[in-house]
Structures are given as C-alpha cells and as structure tokens.
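Here come two complexes built around subunit A, the first alongside subunit B, the second alongside subunit C.
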Partner chain A sequence: MPPTVLSPGLDDDKSDGEETTVSGLSSGNFRVRRRRSPEFTPVVMAAGCGSQMFELSSDTPKCMLPVANTPMIWFSVNYLISHKFEEIFVVVRRAAKDKIEGYLTSCIRKLEQDVHIEYVCIEDDADLGTADSLRLVAPKTKSDLLVISSDLITKVSLSELANVHRANNAALTALIAPRYSPPSADGRRKRNKKDDRDFIGLDPEDDRILYIANEKDIEEEISIKRGQLARFPHMRLHTNLLDSHLYLVSRTTLNILDNHPDVSMMRCELLPLLVRKQIKQIVNTSYTVFADRLYSKKQDTDEDCKHPEEYFEVLSEVESVGCYVHKTQDFTVRVNQLHNYIKYNKAVSENMDDVIPQNDMTTCDISKMTQVGKCSRIGNSVRIAEKCSFKRSFIGNRVEIGPHCKIVDSVIMDDVRIEDNVSLTNCVVCKDVIIRNKCTLKDSRVCDGFEVAAESEFVGESLVTDSALPNMMTFSICNCGHSSDAEDLSK
Partner chain B sequence: MENSSVSPADVKVQLQQNGSQQPQKTKAQLKAERREKQEAQRAAKAKLKEAQAPGGVQKQQPKQQQKKEQNKPPQKPKKKDVQKQSDNKQLKKLDDTLKAPSSKDGIFSHLKQYDRNSPPTSTLSYSSSPVHPAFVKLGIQMARETIVGSNGRCAALICAVKIFIQQYRCPKSKEVRQHLNIALKPCFNYLSVCRLFSVSMENFVKFIKHTISKVSPEISLEKAREELLSECDRYFEENIYLAAQAITTTTVNRINDGDTILIYGRSQLILRILLAAKKEGRKFRVMVVDNRPDLRGVNACERLTEADIPCSYVYINSATYVMKDQITKVLLSADALLANGYVLGPVGTAMLALIAHKYNKPVIVCCETYKFSERVQTDSILFNELADPKDMLKTKTGAASPLSDDADHHNVNLVNLVYDATPPTLVSIVITEIAELPCSSAPVILRRDTERRC
Partner chain C sequence: MRMPANDNIPRQAVIVADSFNSRFKPITLEKPRCLLPLANKPLIDYCLQHLISNGFHDLIILSRAHGTLIDKHISESRYMDRNELVTIRNKKMNADKCNSLGDAMRELSDEGVLRGPFILVTGDMISNMDMRAAMETHQATKEKDKDAIMTCIFKKVMPGHPTRGLEDDVVVCMNPDTNRLLRFRNANSKRFDYDLELFNNHDVMDFRYDLMNTYVMICEAHVPSRFTDHFDIQDMDSFIKGIIVDEEMCNETIYIHILEHSYAARVSNLRTYASVSHDIINRWTYPVVPDNNSPPEDQYIYRRRGVYLPNSVRPYKAVIHQNTIVGSETTIDRNTNIVDCVIGRKCEIGANVKITNSYIWDEVTIKDDCVIDSAVLCSGATVKQGTTVSAGCILSYDTVVGPNTVLKAGTRVTVAGPRHMRNDSECSNDSEDTRCSDPDNISETDVLGADHWGVIYRSDEDNSSDEEGDMERAEFNRKWYVRHPDCSEFDEISDSSDSTPVPSDPEPDSDVGFYGEVCDSFKAGFAIQKDIDNVLIEVNASKHAYNISVADQLMHSTRALLELCPEIKEFPKYVGYFGPMFIKLAKDRDSQMVILDEIETWALEKSRIPDTQKILHILYNEDVLDESYILEWCDSADDDIQSSIAKFIVWLKEAEEESSESD
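Then we have the complex of A and B:
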C-alpha cells in the first residue's frame, strides 16, 4: 500500500533561514537549507527498467545508457541545474543507486552550483509505476512537482511551460513537442511505423487537454462523450506529437492520487483520469465562457461570496482540475525505444552540442591512418589502430579497436575490444564485449559481456549471453502489456 | 614673420630674455604662438569630450550613489543581508526588464507598453526568488488577462496577500511590522511590472501597508498573522461585499418600470444590480453596448438573457442612434473616481456619457468608495494603461485584419487604451454605498478616509 501524500513532512514553524532536518527513505537524515518552499520541486524518474530497450539495459540501469557518449540522466539533471534548482529528487532502484549516485556526484563537483540531490529508492522487485514514485516523493515537499523522465533530452525553456501552468492554475501541465525526425534527403517526413503514437486532443483556444491516450491503449475506436462536445465544440486531435513526460504537477493532483490508490502509472492511467475528471467537472458545474475562458458563475449569482477566495475561484485550490499543454518547437526527444536509439544519438549530438560535456582527446591514441568522420564522437582512453574508418558513430571510453575496421552508424559503449577487419553497420555494442576478427555485423545488438566469435556474420540479430537471458525474458513479458521485437535471443 | 622696424616693446623683450638663449621674437610672433597653442589645446579638449561623453554622464551617477551609501548606517554583514543583496540584484534585473518597449514616439510615448506574452518571469528563480509563488502566479494571470475587472483583481490580490501572510516567517531579530512590508515589496514590484495596478489594488496596498505598520511588536507571530488575515477579510467584506449589497439596494430604487437602461461592456456590479432589480419584479429592458477588442458585452448579454431580462446588443458606433429615442437611463461602472471628480472607466465610457448628456439622459455611475483615488487627471492621456496592441488585429472570424499589413510600418502606431476619463459635468450622480453623491463630492469621501486612517 503506497504511503499517503497528505501529511507534510516538514515543520511549519521553523523560522526563516534555519536548517531543517529531512529524513527520507534513502540513507538517513541530511540537513537541508530551507528558505521558503520553492515553487517547483523537480523529480527525476530514473527507476525505469528500459522495457523497450531491454537488450541494452540488462546490466546497466537504463538511465545510465549513453547518448552521444554521455549517460542519459546527465541531460535531465543538467537541464534542472541550468534552471537553478537547488534541490532535486531522483527516484532510483536500490541496486542501481550507487552507480547513479557516484556518477552524478562526480558531475556536480565539476559544476559551480550548490545542488543537493536526494535519492528515493525503490526496491528492486517492486512493480511500482511513476505515479507510485510520486506518492513516495510527495510527503517530502510542500510545493508543486516538476516530473521529468530521465530519458528526456530537451532544450525547451522551462519558464514558458511554468507560465502556462501558473496562468491557468493547472492541475497538470504537460510538454508536447513534435516528434523528432531527421531532415531527410527528399524533404518528406516518413512516419516510422514502429513509433507508438500518442493521440492528443486539444482545445485550440487555450491548449486544454480534452483527450489523451496512447495508441496501444486504444482498441478500435475513440469515444467522446456528448456532454464534452457540447462544452468544447472544437477539438483538434493530434497524432504526430510526442508527450515528452515533462509534467508540472500541482498539489491537487497529488490529493487526487491519494483518492485513487490503484493508479500506478502516470502516462497510461493518471493523465487520462485527470482529463476525464476535468471534463466532468466542467460539464457538471455551471461555468460560463467569458473572453474565451472558463469563468465561474459564482460571482454573479445570488449566493453571496463573503470571502475573497470564494469570489475569486481561480486562486482557490478546492475544485479546479485543469490539464493543459505547452506546445514547443524546440528539440525534444525521448530515448526509450531500441529502434530509435542510434538515430537519437546522432540527433542529440547535433542539436545539443553546447550542453554535452566535452572530453579530453589527449587520452586517446588514434593512429594517423584512420578516418574519423565529422559526426562521430570518441570517448576517453580510446586506442584505435590504423586504417580504420568511422562514420557517424559513437565510441565510448577505454575502447580498443584493431586495424582495418569499418564502423558506420553505430554506438559502441565502454570497455569494448574489437579486433581487426571488423565491419559494423547500424549496430549497438554494449559494455565489455569482445568482437573477434573478420566479423560482419549489420543492424544488430551485442549485449553486455558477449564475445562474438571470429569470422561470424549477423544481420538484424540480438546477441545475448546465457547468463543475461533469464533477466531479459522477464523484461520482455512484463510492463504495459506490449511486446517488443523478440528475435533470436540466444546464441 | 619679420619686422622691419624695431619698437620699444621689442627692445624690452630682448632685454628680458637676455639670460636665455632662445631666439628673440616679436610681440606679434608670441601672440601668434600663443594663439596656436590655445587652438591646439581647444582641439584636444574637444576630442577628449567626445571620447568621454558617454562616460562623463556615468561619472556623475556613482557620485550620487556614494552619497546615498554614506548616509545609510553601516550594516553588519549577515546571512539575511547577503540574501537581500542578491534579492536586490534580482530586483534590479526586474527593473531593467521594465525598461522594455514603451510605446513608439508620439502622444503615448510616456506610457509603458505591456506585452501579454512576455511577462518577466524568465529572470525569476524557481527555488529562492524574493517573489512568492502566489504572486508569480497572480502576475501571469493578470498579464494574460485571465483575471479582469477592478473588483476581481483586488480580490485576487487580497487572496495572494493572505497566502503570503500565512506562510510568512519573521526572522528573530526583526519586527513584523517592518520586515513584512519589506518582504512584500518585491512581490508588489513584480506585479506592477506584469500589469499596471488598478486603483482598487493600489488602495488595498496602501491599506495593508498601513495595517502592517500598526502591528504591535509585542504580540506573537501567530497572533499577528491572525490579526492581519482578519483585517484582509474585513477589507474585502466591507468594501466589496457589503458595498455591493448597499449599492444594489440604492440603485434598484432608481430603476422604474418601463425603463430602457443602457450598460457598457460587462461589469460585475452592474449585472448584479440588474439581476436584483429583476428579482424585485421591475419590468425593464437593457441595451448592451460593446466595444472591441474584448467584446465583453457578449457575456453580459448571455447573463441577462438567462435571467429573462429582455436585452439588445449594439456596437459602440451605433450608440448615438440608439441613445436618441430608445434609452431612458445610462448605468455605468467605474474603475476609479478621481479627486477632481473625473470618472475613470473602460475606454468608451466618456463617449457614452457625452452622447447621453447631449440627449439629456441621466448618467448613473456606480462606484464603491474604496475606488476613490487622490489622483487628479483631466484627460485620458496623462495616465493610462496600454494593453497589447496585437489585440487590435484580432477579428471574429480569425481572418487577417485589414490592418495587419501595415501594423509594422514605422509610421503606424497601434494603441490599445484601457481607461478613459469622463468629466464630472457629464455625470448626473454617483451611487456609492455611503450616499448618492454628485461627482464633485469625491474629495469629501477622500477626506473621510484619511481621517479614519488617522
């Protein structure tokens, strides 16, 4: 039974500027400087198991998978730090906590800002969704929450999103962006059939969410109630937009979470619940449309409003459940699917160049006879022999590559050893892999610790070690009820 | 230059310069040299002045600042002060963003141009800004005109101040009555940057500052909070809630059977009066006059039709036609009443009052006393608010307005005024909760208020 959110964990009467003790589920107590409860408290959801990329994330937590040679979680945490948040909650699995904590602490030490990260741990086998994690974090703070997923990489300006949230006194504000597609040669945009689409219905006047569902949750039809159509006659249904899992959640939503203990996932369950509640409330109570906005009728009726809060319902938190979106054109991607992984690596490398921490090329030993393409990135302590060529590829740290290798459109993670005459095209090679000589791999994934035998050829396959196999089987079956590409899993 | 004859002056010069080994020069030559030197110096000075012209002005300012700093008593560096200095820096940044565009050159160039879509929140930090989140929210809601109407904005401000007071914690070394005012100051500054304060809001701010300064330093924080919160509630109750009831009863008596009443736009008070009159059983018709760009009269019509009051809707350019024969009374609301009797209302009020005066129709203005202001103004230009000019380009169907091609031209200045001032001679009577007054009695009410405060 997840804990309730209504009891605030902080003491009201401490005077300004004193230090208060905060105890959390994670290691013991720590002292937190509290001036006043901040407007938003950021929560990074890093406990995902990477169900749609399970081949890559068997050993590494999904949030530590590298995008453009930097672990994914860096992007969301850096985004928050650049907006000058002083306290960040990160929700992690207990097993992964040490790795993530170690990485983030070393990153923050390099920055000059004073940031405090608190880790909220979830037990490894607990099947908790994102909404459950919110229930864990909510008692620790009194302010609204800014929920960001660790696989989100974005450049959007947070103040615009916050303004939408404040102006409408919203219960939840979501960030919506067009799906990223790389500019193609012929200028047309092709929809990748493997992307699962979000159906988002918006009120064109004020960006209120009227309908939201994922393609997988819709069986055959979308049904809209008549009362809703009477109140909102115009609805624009978008299928090409990405719900980027960056939400501003107000305290009213957390109260609603308390009343619905079976809600476990934010995107699949909480969001549609809030939208339905919103519509119901508006349809049932008497609201009038005033200057194209909903305006309470209470002011004009004979019920006299003795208190300013009743007179002015927008500021009172009692009833209003408004769900709004902020549409942005800025670069936004969510790296959570396998078929997109390499594509997004390249996209992030192009678009977020200013944010990615540059690495020290002096530790690398690259032979002069190799060609490294413009769009490739190379990590630390890499040794590359002669006559290799790299095009649009990403190479992690401490990699050794033998001579005469050809690597195109691939991602190679840390501690990999590649012997000579290997050709990789559109492959993802995970950690601690050894690829023997004269191999040819195309459209494949080589998982942690695998050893590819010499002179082997694979096209479109996932190569997994026997020890990792049982973990992956559970991943592919559990979660959200959808199955990913199940190809030949054993070799 | 050579001289043919030697004059006694030259001889004197020669005698004086006997000791030196310089070549002997005539007086004229010396004069010429001196003139050259002077001109060279003048040229050098002029160059220096040009180079220093921007810097020269700045030199004066630091001097003034130094003087001010010397006058302040020396402060011990405490953690609070460090925070305050950074607050002040943030405030200064806020003030800088205030300098954003005033209207283009012309008659309104002294007024600030507010832009709905770029409120100054980008400089505010989410964690520790001096502006409380309730005020940040309120500022954005006012800037986007989610909250409109002078009563509504004042009520919203009261709510925000109450939230602030509830969460306020006073540092141990300071007294509530001093520190709370200082803490509220950045919040009010921020609000005024988002959108100009209405007179109702200004008067409430004066009231709350005065009340805070009277809080006794001996009582505990909780008690002080309770006192202040109850004062806020009392202000709302007396000045908005009860005043509305009193005005309604008085005005309803003036509405007779068979009247056709003209109202302008949508005012919460006027609608309340009409609904109350209908409830009492008066039989009257209403003519709603509306104006672009907000078209608020549409909503007024909806409310009246729901209450079964027969109403018609016209646009302001047909007000003359309608006023001549059909109207018996004009009922207007005010945003403020100035000390010289001028009525500040939504733009278009003055025009309606003028037309009504011409055709000898009585103009009744309903205004609560808390909206009386000490300001004096005889026209709508001296002090006004400029709303977003892009609203002028809005059309009902969403098609491009005929102005949109020329809107960016440097000779075209789109002005979206919010208020206008109606002279007291055009207003027959002002109905307040205290009494029914002529416009010129405004100073009497103001005097009463200042006496009450003391």
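Then we have the complex of A and C:
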C-alpha cells in the first residue's frame, strides 16, 4: 500500500478552519504529477449533513449512507472517474473525512486508475454553505468548476451538458431531469405530496433559467417580477423537474461570488443572484465598452494593444451572465429525503447495475434453505440462517440473520444482527442494530446502535438510542411528521 | 339559411360596437368610436369586411351610443347589396340601462337571437387573421374538454409595443400543453404573485407577457347566459377571471389560441389609433391596406416610401414625404410639407404648412403658414392662418382655432358637451368674448385664438377613486402619439419571425441610390458621348440592382436629365443625346404621363415654371413627347404651369388642327 503523504506547508494552521490534505495515490511508484489543465475541475459536495434524513445519518455522514449497498458518494465519484477526470475535489466535514477518505481510497485502488482526490475540509461546527465551499476550491484551479452533489445518482452524459455550457457561453449550466417515479400500474405518474418540488422557470426558446426555487423556500406565493417578464416575456415554469444539483460554473460566476461575500448557499442564494443578473445586464454593453477601451489603449501604447478578440473575450466574460439548463431524460435521482430512501434504493439497484461493485459471495454464508428474491442485494461476509426470505431488500456487510426471518422492501445496513423469527416490512435498519427474537416491524426506522427487545411490534416508528437523541434534536423540529413519514414509506 | 342541426361551427358573429369607456373623448361625444375613420375608412368597416371574408354571414352589432348613426352607416354601405347572404342586424341598446359589456351580453341573452356557438369581436378590431385555424382549435379543445366555453385569440406582441394599450398590458398564465388559460392579470404592479395552489394541478405552466388579447372570442352559445347568471360582471376581463379563477362558479374552462404571424390589434385609444394607422400604412395588415379592396370612388395608388395617393390625383405642389395617405379631392397648396400623416377627403391645405405625424379627417381646412404636429383634426375642423397646433392636440368636429395662435400641447377642443351653447355662436366668434369657462380664468380666446369655435374639453374627473378610473385617466393623459422611430425597434423585435414583407424602410435608400447611379451614368455617358444604348444598359442594370419599377426608372431618368442640364439653353444638346433613349422607354400613354408629371413636379419644386414651355417644346421636337398626351396632361396640370405654357399649347392645338385639316 503506497503511503499517504501529507504535503508540507499545507497544515492545520489555516485560520478559516480550512485544511487541505493531499493524498497522492498511484498504482505503483509515487511520482510528481504534471497534468494538463482540464476544462472543468470537478467538486463533489459531500459536506451535507442530511437534514431531511437525519434519523439515518446520526452516526454516518450522509454521503456514506448506502444506496443499493454502496455508499452514495461512490456514485458521484465514479461518475466523474468514468468521465476521465483525474483530479477531483471533495468537500467534506472534518469529522467525516477519515471515513470518506478511507472508503474512496480503497475503491479507487481497485479501479487501478490514475485518479487523484483532494479533500477540502470544513470544520464540523462551521456554518458554511455550498457557495462558501466553492470559494475554498476556486483559488486552487483556473478552470471552470463542475459542482456535483454527493447525493446525485445519474447516468447523464456530461458532454451534452458541457456542450450546452459552451454553446451559450454560460455563467452557469444546471442539469435538470424529470423527477423519478417508478411507472405505476396504470402507467400514470403520480406526484408524491411529500416531495419538495423545484420550481424551474425557463425560456422555452433557449432553456435560459428565469426562475428557480424550491418549494420549501417559497412561503405561499410565487412572485414574478415585471422587469424580468419585460426582458424575457415568455417563461415556462416546470414543477415536475428535478434540479439535480449538478452545475457547471464558469469563472465569471466565481468572480461574481467574490463580489458578493454574503452569498453562502449555492442554490438558494447564488443561483437566484445570477438569474437576477441576467435581467439587469444590458445588451451590447460589452461591445461598446470593448471599442472604447481599445481606442484608449491604442492612444496610450500602440504596440502592446491587445488583439481585439482577446479584448472581446475578457469583456464579454465580465458583462454577460447567462444561466441555462440541460434537460435530460436519463435516469437521475437525488437521495436526500427519508421517504424516498427505500424507493430510490430499489431504483438505483435496477438502473445502475454496472456501477455498483459486485459483492464477494464466497465470503457469505447463506443457508440453502433461504430464498433471496430477484431484486435483493446482499453484501460481503453476510451470514443468513435457514428458512429466511428476502424480497426487494438490501443487506449490508457483516450482517447476521437468524432463521425464519422475513424481510421485505427493507434496507439493512452493515453489522446488524437479527435474531430468529423477525419480520421487517418497509424498514430501514441502521448500523450495529440488534433485533431480538420474534420482532415485527413495519414502516419503521431503527437508528444506529439500537437494540430492539424481543417480541416487540412497531408500526411507523423511529427507534432511537438515548445517546443519539440530542444529536438529532439539532436537526430542528423536523421530526414532527413521523406518522406521515411512515405513511409515505408504505407507499 | 342552411344549417345542420348538429353543426358546431360558429356562423354568427356578434360585434360589440361600443367601448363602454371614454378614451376617445371628446371625439366620441358626437360619433361612435367604430365610425371614426382609420386610414380614411370607418373603423367598423375593417371589422365587418374581415368577418365577411372569414365566412360569417350573420352579423349582429350591439350598439349603444349613437346607434342610429351606425344604422345609417350600415344601410349606406355596400355589404348588404353585394352579397344577399349577409345579414347585418344592429341591436341598439338603451344607453341608460346598458352601461357595460356585461349588460349588453345580458340583453343579448334575453333576445335569443343566437342559434349556436358564435364569434364575439369588438367593433374596433383590425386584423388579417384567418379565423379557421382558431375555430379548428376550438373544436379540438371542445372534444377533449366538454367544459370549454370559450377560446380567446391572443396575438403575440412584445411588451411596450405601441399597439398595446395600458389595459392590454396583461400577463397570461396558461398550460402550454393544452393552451388552457389559467390566470390572466393586468401587469400594473411591479411583481405578480401566484398562489402555490395554482401549481398543484399543472406540471408545466407558461407565464407570458408577450401576449395581447385581441378580444376576438369563439364562444359557446351559453356564454351570454353566464353573464345573466352573474349579474355583477361588467367587462370581459372580469368575466374571464371569474371563469378561470373561481372554480365554483361553473367549473368551466377557457382556452386561448395564439396568433404568431397574422396581424391583430384594437383601436382602443388614441395611442393605438396612431400606431394601427402606422401599421396599415406600412402594410403589416396586408391585405387590409388602403390600395386594396376600397370602394371605387375612393381608390388609392401605393407609391414608394409608403405614400398613398388618390387614383385620380395630379401631382401636388406640396412635398409629401413618407408614410402618408392623402384622400381624394384634397387640395394642397405649394411649399407645404407632409410627413407621416393621414389626410382625409376634400381637405383644403394652404401654402407653407408643415404637417407631421397627424391624423386629418375629411373636409378639414388648414390655412396658410400653419404648423401641425401630432394632432387629430376631426371632420370639418378649421385651422386659421398662422396657427401652431402642438403635439397631442385634438380638434373635434367642426371646431375652429386661430388665427395666429399657438395651441398648447394636449389641448382638446370640442363644440359638443354641456358647457357649449349652440346659440352663442356670434358671441364666440367675437374677439371681445371674455367667456371664462375654465377655472384658471384663462380666456379661451387667448388659448384657441380670436376666431375660435368650440371649448376646451376636460375629462370628467368624477370617476376618480376606483382602479378602473385610474387606468382610464392614465390612458387618457398618456401621450397618445407615437414617434415612429421609437416603435420601429419594437416592430423588429416582435415581428422578426414574421413572414410579411418588411415595411418600406430600405426603400428611400434604394431610390436615392438609384437616382445617384442614373445621374452618374448620364453624366459619364454625355461627357464622352458614349453610345446611348450602352447608357441605357447601365441604367437598366442598376434598375435591377435597386429593384426599381419601370415607371420609377423613367421618372428618375427624367429628373436626372432635367438636373443634369445646367442651363435651359443647353437643353437641346442634352435632349439630342438622350432623346433616343427616352423614345425607347416612353412609348405608351402611362410612361409619357410619368415624364410629364415629373417635369411638372420638378418645375414646381425648383421654381423653374417659366422654363417648362421650352422644355416641353424641345422634347416635343425630338419626338420624345406626343402632342395628344401633352394636351391631355395640360388640362389637369397646375394653374401656373398651364398659364406659362399657354402659348405652346395654343400652337400645338393649331398644328393639330392643321394636320387634321390637311388629312
């Protein structure tokens, strides 16, 4: 195993709580890297704490929660690797850094590819948003940024998105996709009332973003400014699309970000700011300014007058702000809400089979008397006793299951022990949980380290250890709707 | 009339011929809005012609104010006798009982004249749209949604376009998949709020500020009865809002149809009156243009730069610049400049008058040395000598202003109205009259001139509190006149996709350019005495390059010949050289007339009247001009020219008699 090298001079003494660690990894010898600078520098936002699924993420960082038995950060990192990115920035919380780094390092080693991941740490208690994270990354590269959220799982080809970005000379290009919903029996897609809808207003002519907001940020009404409609009089507002939180961000935007130090969040603050800026900009300004400056320059020093096109480049970067989207029909989900968690586990398992690492069945000990249904996945070193049945369920690593268990539509994470005659339906069981004999759980979540007593029955509950409780309370009063959560889980 | 029982295609059209507002006051005190002339044709004629050409043969007019005038107009017009299938009925409504569109619709519902779906239009609509497409959409919608009661036709017009009045400044919210209208509101606030509830039933919604309601609606037969059910509804907008917002009302739906390429606009106020006139002159409304489909006594010829002259007219002594219509039997004296105007029939316009951007109706008299800028002069108005009518003035019917006065911008003068007494006419003509009818104690004589007839009109200020009143006043006080360069940029934006020909903007350039080329060819050819056929080839080539008609080519050539010749003494030399070319070009009557007209115009413009005789003589001697055409032309030529060439004419006549005798 090659050693992890801490590069000198970039130690913990940064005042703003930023720590940069460079871990150099290569298949063989350690060598100095000289890469040609890529068009985009990818940044994975993995510092989210999962406020909408806090019951699951009390001990595990959100990006490490398994989706189809795979920590979800792997999907975005693998996505970037498959697009031949060799240097990837990952923004993480300091506490979660070791966990994530350890996991990704082991994964990449298996790939035998020359990929370099640089971790950007955010202090655990720092109140930094995604836009702040961008500020941390921006000085480290000269190219445009590709910002991807660690909870995004998608099959979209990045080149299409990049083409939209290039063609429009955009300040920001976002990827949007139809909200995933499994085709139901009657073929009609139903909206889940629990979903937070993204309201995305586009110019139907060129897919320019004219309005963007999430339902949870809107109080009662959507308001549209007249000035905006006067400039772009036709706006098509979509409510059934998902803002995938995959953005291409140009240097223009990063400059704007520097001029607005109060902007902290990308989606709620930066994006609306850019959308507003499109409306204020005056057409042709860039050109006239260009002519003026060229003229004055000529008078000053005739010889080092820049080539006109260079001038034009520079100024158009400053003057024009355009935000666009690329609409895709390819499979795209964001795993960020509890009620979707089980549903998306199944969907990802079906759609992303080529990406999910295959488990090593030789390490498992599964009784021949046990039935494992088609849509289920079982991790490594799992021991399952006889006469169990699994349907559409995901069993993590090192799980032990006693005889006569029935597990349907459930996700069981690593190191769980389930004793005899347990029935789980539509449940999420987190790490290190012990479920004793003859328990029946339906539509429930069992949080890290909980021990379910023998013969208990729960329907639509969240089972939390006392020690984890205060931790969760910090996620505000989100848990007001437990019963309704449960309803959704049953769907 | 044959009509299958289950036929759902609208065959009747209801024309609302009253606006239920007072945007055009004081003009509409005496005549209804729909009879006002727009490009010298009554407004309602555009609407009737459009409906008849779209196959509607049963037209019902709802009129309120001045209903009898509309009756008279319909009976005098030629719609009835041309096609016996067409029936036009005018339902006159009681002005006291009927104060809004809602009242009119309620009355219509009681009458029971409607037999099925129908088209509802306003009498002030100008359009060249094909209604079939809209009716087909309505049929298709109707099959999908039984609750659809109405399809409104909207025209794509960019915000700020001059054909959009303040009340047309609307934001439309619709479902782009079905074209169902979801919300409809005026854009009079800085931001528009939409309830989240609206978004629950629709995945995709279009918010559009680039649509204008044409108020052409395809209605199901029970639409008027909806007005009866909800007796408090006054206007169409609140009806639409009521249907689409209040789902309890009847759970019915309204759809919209969007016109992308056809023209549609309403003359809902003076501002739109001005811009629609301009659009007609620039042929955006084609085939609805002055030189097309007009009555035989009122035919126009479309000349370059958007100038429309009566068929029978002789060249005026005046200079008529671009975008102008001049009605028949109008006389214009010398040294007068007219730009961007509509001038009616039988007007008398004096010398040294400057008229820009104005709308002058029939039988208006403008004396010498007047300046009229962006004004409306209604039929029978008189502007006395030396008067300046400033921007935004309205001189209503039979008013008199001047002499030697400057009317302040925005002055509206009328003879109608409560404050004016008919029987004090002597008194008002008296220059000693000190009647102080306005609160500022300024005598109207000071404002309107010594010989004035009429009073200054002020809008009623009693309807002040409500929002509608505010709008009304804002529209009333808004500058109604449109400067054309301002609106041209909107034209470009809104109609860039339009397939209709671009208006005459590039033409002036091409004329000037072509004339320059002709002069150059002539000069060069004459200097080296080139073969005249080669000169003609050159001129023909530039004719194609500049896309110039044969008549214009001849006219420019004539002008070039006259200009090229430095002195009249030299003229025979020039004609000797260029003569053969002109003989080739001017073989028939029309082209001879073009040459003669151009000589006349040139002589008047350059004050070379005394030289005319010599020029004609030389051209006659060189066989360029034919004597019979000279005589024919001379009868209608300008008086001064006639007198200056009298000798030549006498001589010509004698020569003709001699030759006929000798035969």
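What we mean here is this: the second predicted complex is superposed on the first by the 407 of 491 C-alpha atoms of A that agree within 3 Å, B and C clash if a C-alpha of one lies under 4 Å from a C-alpha of the other, contacts with A are read in each partner's own complex, and residues count from 1 in each chain.
Heads up, the rule we're going with is that a contact is a pair of C-beta atoms (placed from the backbone, for glycine too) under 8 Å apart; a residue touches a chain by one contact, two chains touch by 3 or more.
This one's a predicted model, so the numbers in the text were calculated from it and none came from an experiment.
In the superposition on chain A, A:Asn240 makes contact with subunit C only, not with subunit B. In the superposition on chain A, A:Pro38 makes contact with subunit B only, not with subunit C. When the two complexes are overlaid on their common chain A, residue A:His260 makes contact with neither subunit B nor subunit C.
Set against each other, subunit B and subunit C differ in how many residues of subunit A they touch, and the higher count belongs to B. Of the two partner chains placed by superposition, only subunit B is touched by A:Asn168; subunit C is not. Residue contacts after overlaying the shared chain place A:Lys216 against neither subunit B nor subunit C. When the two complexes are laid over each other on chain A, subunit A has no residue in contact with both subunit B and subunit C.
Across the interface of their complex, subunit B is touched by residues 13-17, 35-40, 83-87, 143, 157-159, 162-163, 166-169, 288-291, 293, 295, 299-300, 302, 304-309, 311-312, 314-316 of subunit A. Taken together, the subunit A residues at the contact with subunit C in this complex read 197, 199, 201, 204, 215, 218, 220-227, 229-230, 233-240. Note for the complex: subunit C touches subunit A at residues 158-160, 171, 176, 187, 189-196, 199, 202-210. Looking at the complex, you find that subunit B touches subunit A at residues 79-80, 83, 119, 121-122, 124-129, 132-134, 136-138, 140-141, 144-148, 151-152, 155-156, 158-160, 162-163, 167, 169-172, 232-233, 236-237, 240-241, 245, 266, 268, 271-272, 275, 279, 294-296, 299, 302-303.
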